[in-house]
Amino acid sequence: MKYLIIGSCIAAAGAVEGIRSIDPEGEITVIDGEQRGCYSRPLISYYLTGRRTSSQLDYRPADFFAQQRVRIIPGRAASIDVICKQVLLQDGTGLEYDRLLLATGASPVIPPIPGITQSWVNTFYTWQDAEEISAQTAAKGTAVVLGSGLIGLKAAEALHHMGMKVVMVEKQSHILPRLLSPRSAAAVGGHLQRHGLKVVTGHEVVAVGNHEVAVDDGSSIAADLLIIAVGTRPNQDLAREAGLQTDRGIIVDCHLRTSDPHIWAAGDVIESRHIVRGTDEVMALLPLAHREGFIAGLNMAGSRTRYPGGIFLNAVHILGMHIITAGDPETTGSILRWQEGERCLELTMQGQNLHRYIAINIPGISGPLTALIERQVKIPESEWFKFLRNPAIANLPAAYWAEVRRWQDDGSLRCG
Amino acid sequence: MKIQSNSEYCLGCGLCRIYCAAAHDGYNGSVIRAFKKGTPQARAGLIEHQQQSWINTCRHCQDAPCINACITGALQKNNEGIVFIDGQRCVGCLTCVMVCPFGHIQPSLDFSRAVKCDLCRDLAEAPVCVSHCPNGALRLIEEV
Amino acid sequence: MSLSMLTPAFTVERNQDRCIGCGVCVKQCGNSVHHKDEDGFMWVIDKNCVGCHRCAVLCPTQALAIKEFPAALRPNSYWSTSSLREIYAQAETGGVLLTGMGNPRPFRSYFDHLLLNASQVTNPSIDPLREPMELGTYLGSQVSSLGEREKPLLKLDMPIMFSAMSYGAVSLNVQKSLARAAREKGTFWNTGEGGLHSDLQEYAASTIVQVASGRFGVNPDYLNQAAAVEIKIGQGAKPGIGGHLPGEKVSADVARTRMIPAWSDAISPAPHHDVYSIEDLAQLIETLKVATNFEKPISVKVAAVHNISAIASGMVRAGADIVAIDGFRGATGAAPMRIRDNIGIPIEIAIAQVDQRMRDEGIRDQASLVAAGGIRNSADVVKILALGADAVYIGTAALIALGCHLCHTCFTGRCNWGIATTEAQLSKRLNPELGAVRAANLLQAWEHEIKEMMGGMGINAVDSLRGNRLMLKGIGLEQHELDLLGITAAGY
Amino acid sequence: MLRREGDIRIPSGCAIAAIMNRKGERFNGQQILASIAAMHQRSNGLGGGFAAYGIYPEYRDYFALHIFYDDDGARQICERYLQHHFRIKHQEPVPVRQSRRIAGAPLIWRYFARPREDKFYREHIGEEEFVARVVMTINADLRGAFVASSGKNMAAFKGVGYPEDIGEYYRIEEYQAYIWTAHGRFPTNTPGWWGGAHPFTLLDWSVVHNGEISSYSTNRRFLEMYGYKISLQTDTEVIAYAFDFLMRRQGLCLNDVVDVVASPFWSQLEEEKQARLRRKYSGLLLNGPFSIIVATNNGLVALNDRIKLRPLVAALQDEFLYVASEEAAIRVVAQRLDRVWSPGGGEPIVGLLHDKKGLLDVAPSAIQAAQSA
């Protein structure tokens, strides 16, 4: 059996683990476009500040692929011939496959702003981005960060640590718009400003000049560095050109198979089921990427494992503040709040179902809440009121503990 | 391997947590030194619920969500099945904390990294919570 | 009463250099001695302390010391501090002073005035590590000739059994611990007069069931599933009086086991109301033998009182297969203090006298003799066997093995060690798995020690220790005491 | 002042020996004298003695009472007592050969007597039980008198001294017996009392014994319950009574007696009967180191304690059975032996007269094996 994986990151690593858990013999080939092996993108901000060395970016040990007897082909895929079951690389090499996994990931969105292609403008997505930025920050000056999502925040924090003056420009009315409620965003924004970061919300950059950024309110910011962090987009061109069904991302079934029976897809490139919403979403999240890759790997090796879907979940710490949030960011349920100083917990309920929580500086409680969202355990609001008097794990509602016992009893969470 | 907590005999005394805290982070098991000099942190929570109590410790899941979610590969499983954190690799993102359905993994007190039960793999023959439980409510079980 | 003249019995000293404020003491004290404020300030109410040492034992930093409260009353060797305290208490309550466990008064312990023998030169001592050493024995009545059918006997792998302690007086976990240990070590435990709980039926073959004056839990199954049946006439801690398990201890579970209504007082009358004489006892013994198809040995347990030899002789002649005698140090879950501390005689004297009397009457083979009440260690076991007992019952020692610290407040039902209580939150403190190991360890340790002592004497079977009074010498005893014990003085 | 046997318990080490002709042919005491003399170092001059069976054929139906007297006064009292209970056929001093090596000898008399029938009929007991009670009463209650032996057609010759000197004193070479047993004593103090020497006897039971019964007090108190008057505080006395009790009074066969006094360990009991014996007679388990030779008119049994803490060797040659503490003591009187073996702990050597085999119902494996070899 010939397995071919396009992409070498988290989903690919998961897929290799999945395949190998069933098929120790099959021939696995990974096409490594970045030629950097399997590394963890969220760590690049640590790399930028020097807290991590290059080798410490690895998601799996350096010899991981070798250990798993995986052949690494450096290069980028140019096209897929689904009839001949062959992938053509940009250098013209053809690689045949029996089972193909598309783990092509996503790429940063470059907004169509005049002047944005200048050399002092960077995205912040790959380790190469970090190296390039690193080279440009020798002279300490001002950095403008476009977008205040996770990537934007982590970039801002890193640049701040490196001594730059940082200005964040967010088009939406509050920072981390995909993750936070306005109220919690205000708390985060206040925290950033107290640390000296400047946050501009509700405005967008309209043009990029020579070390100058023009904002839509007519002002302009002198900048030595501009980071674009307005979002990512699945790398689904290959799939689309091969005739696979795509939408905002590659469309897969519950076994993570694409519309071609010999091709699976996993990671940031796909649309997958959002458990709470019940719709398919592009959820570019590392934990999901690994899980999808693993299940896709299992299924490529012959299993029929169902991918249950995921939810949005993010843990980010920024300048000492821990923000954890999970669930449906666009939920419109009733909000229960607990706050004590800089710590706050916000639960959004739809009926008896928890749809989202935002935990700021109270990370310890988050795991069970994530589980309750994922499993959509019904808990009346009154129980949550009791819990919120002192939100600690020991005070979680009885239904949670009953659920824990059930996981252990029915093995739905396999514990060893 | 995991620690099984028998709520039928758990007294809720919390000695497990005290000895756990003193065993780690370089306190070498001296309770007085740990608590009088430092800020020791237990690796397990004590749950008291409807007259019952038990210790909320790592199940060392077979398909551990924390390992899958870890962005740095700091969370690993050794060949004894013990899920542990490589402190050198952990950056304290707390993604593992976010995905542990048991709420077992906790941030360190300074939030710089995550801490969890590693069954005292470097310290003692038996996990200190098990050996110090005054009522035998904790057991290290080998089942897989 | 507004003013109590009672100063605390104990004071709790907290070493602040050691205390880490963990609050284990607060959680573990069932008597509300320890308190912790929300701001972490810790304080104590000394007068609630019964000296059970639960807090001190569990304190992870050994920050607690329980000391006698320094009352500093003017020294008076006649009106002791405890005399005064007892009067203050009675003046406040107008009641009988209640207490638990055994007689603590400084009467002479004959065990402590007996020395054992060992072999030197003229004969070799036996090394129990190299040679077999038999502690097994049989209890029951021996037939007069080998031609007769053998009577039912109780086979013990070691001559130590667990005393009767009823479910209700002690927690079910105590019984579970002892039952498991007894089964593991090839000996027996005794239900006491509280019936046999359904959880313990699996240990029936290692169980001696009691028939006491309250007849609690007695039914044909109860009698027939046990290894032996014991008629309890009296116990060493409270000869001549019955028992009273207050209604609040009679939980549904206790009630079911005792076959009485829940939350009702369980009264054991002072006498059996069908045993007003020795001939009545004979009838009860015969009744129980018939009820058990003559397949179980019948034991009769009495307290060691002044005319114990005659009583024991009568019991044997009334058909008892085993005579169990409980000395005045025997313990209880609850007894009036004056009764416990002033009635009965030492087990050493009682056994010496009863054994000799039964031999004089030629009936020693007709019944086995079990000694109870104050057996503290393996040397006590060896000494009482040498004085003439076939086996011993241990109660207090077994409970101490399970954690009892002899605070003497069993009757409150608030035992912090989970022993003398039926309250779920307290009784869970004794994990029967650990309890069974501790109890079995105690037996094993004593077993080893007894073997060592026997080996020293050049004896390799407990058969040859029984009544071997030559192995005992008295020290510091008057001649009449030596005569009572049937031994000679050290050096003679 | 030193106390004598009966006042104090005296542990002692010893040599023992026995020679038996299983056909019942008699031979004189020279061999046993040589045999016990070979073990001179096992005794210390404080006790020696012999039992001889078949020596009084002319009085075979009379109880032969050998009695020590401290003085003539004691003799007169005792003889009045004897005449009250017995018809005495013949009485005389036991002939002795004076020797410088023997001192402090009592007056030694022997009486050939039968119990007065009216006495034991009145007591509803057999004549043997009657004699046993009289003997125990004399030993316990009559000051200055001690019955050294009381069986029919047998006697014990014992005293303070080395056994070879005692044998010479009693002129044992002049007696003809089919069983001889001998004892050389090593007591750990110097009681100097002739009654305390071995063999100890009751009726025709005689016991020579090497060792110390650690269970003495247990055994003694058991026997006392059955009316035995224990007067000497010696193990040997208790052993003799134990055999008497089990065989004469309880009617056990010799095999069963061995299973009582040297019972196998519980874990090694092969038959339920052995377990029953042990349970019923647990007070007669002889515990502690010993080797004993118990003889009767019918034969002898030699036995070690069950873990063999004392030496015991047996040998066969034709109709002769030899037993001794040491092999040398056998070799010195019998150069050619059919078989020599050392019995295991608790494993009896039983030597029976051929015509008595049925009587005791015993055929020990050791001897069978030896005979077939």
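For clarity, chains are labelled A, B, C and D in written order, and residue numbers in each chain start from 1.
We adopt the following convention: a residue touches a chain if its C-beta (ideal position, glycine included) is under 8 Å from a C-beta of that chain, and two chains touch if they have at least 3 such contacts.
No experiment lies behind these values; they were computed from the predicted model shown.
J.: If each step moves to a chain the current one touches, what is the fewest number of steps from chain B to chain D?
T.: 2
J.: With centres defined as the mean C-alpha position, give me the chain A-chain B separation in Å.
T.: Centre-to-centre distance between chain A and chain B: 28 Å.
J.: I'd like the Å distance between the centres of chain C and chain D, where a centre is the mean of that chain's Cα atoms.
T.: 47
J.: Quick check: how many Å separate the C-alpha centres of chain B and chain C?
T.: 42
J.: Report the inter-centroid distance (CA atoms only) between chain A and chain C in whole Å.
T.: Here chain A and chain C have centroids separated by 69 Å.
J.: Give the pairs of chains that touch; include all such pairs.
T.: All chain pairs meeting the touch criterion are A-B, B-C, C-D.
J.: Under the stated contact criterion, what part of chain A meets chain B in this complex?
T.: For this pair, the touching residues of chain A are 14, 40, 42-43, 46, 51-52, 56, 58-61, 286-287, 290-291, 294, 313-317, 320, 322, 324, 326, 363-368, 370-371, 374, 393-394, 396, 398, 401, 404, 407-408, 413-416.
J.: If we count contacts the way the header does, which residues on chain C are in touch with chain B in the complex?
T.: Interface residues on chain C, with respect to chain B: 17-18, 20-24, 27-28, 57-58, 60-61, 424-425, 428-431, 433-434.
J.: Going by the contact rule at the top, pick out the chain C residues touching chain D in the complex.
T.: Touching chain D from chain C are residues 119, 121-124, 126, 131-132, 134, 136-138, 142-143, 145-146, 150, 153, 359-360, 362, 364-365, 386, 457-461, 463-471.
J.: What does chain B use to touch chain C in their complex?
T.: Touch residues, chain B against chain C: 8-9, 11-15, 18-19, 22, 31-32, 35-36, 51, 132, 134-137.
J.: Can you name the residues of chain D that touch chain C in the complex?
T.: Residues of chain D touching chain C: 9, 11-13, 188, 211-212, 214-219, 221-222, 224-226, 250, 252, 263, 265-267, 276-280, 282-283, 285-289, 306-307, 309.
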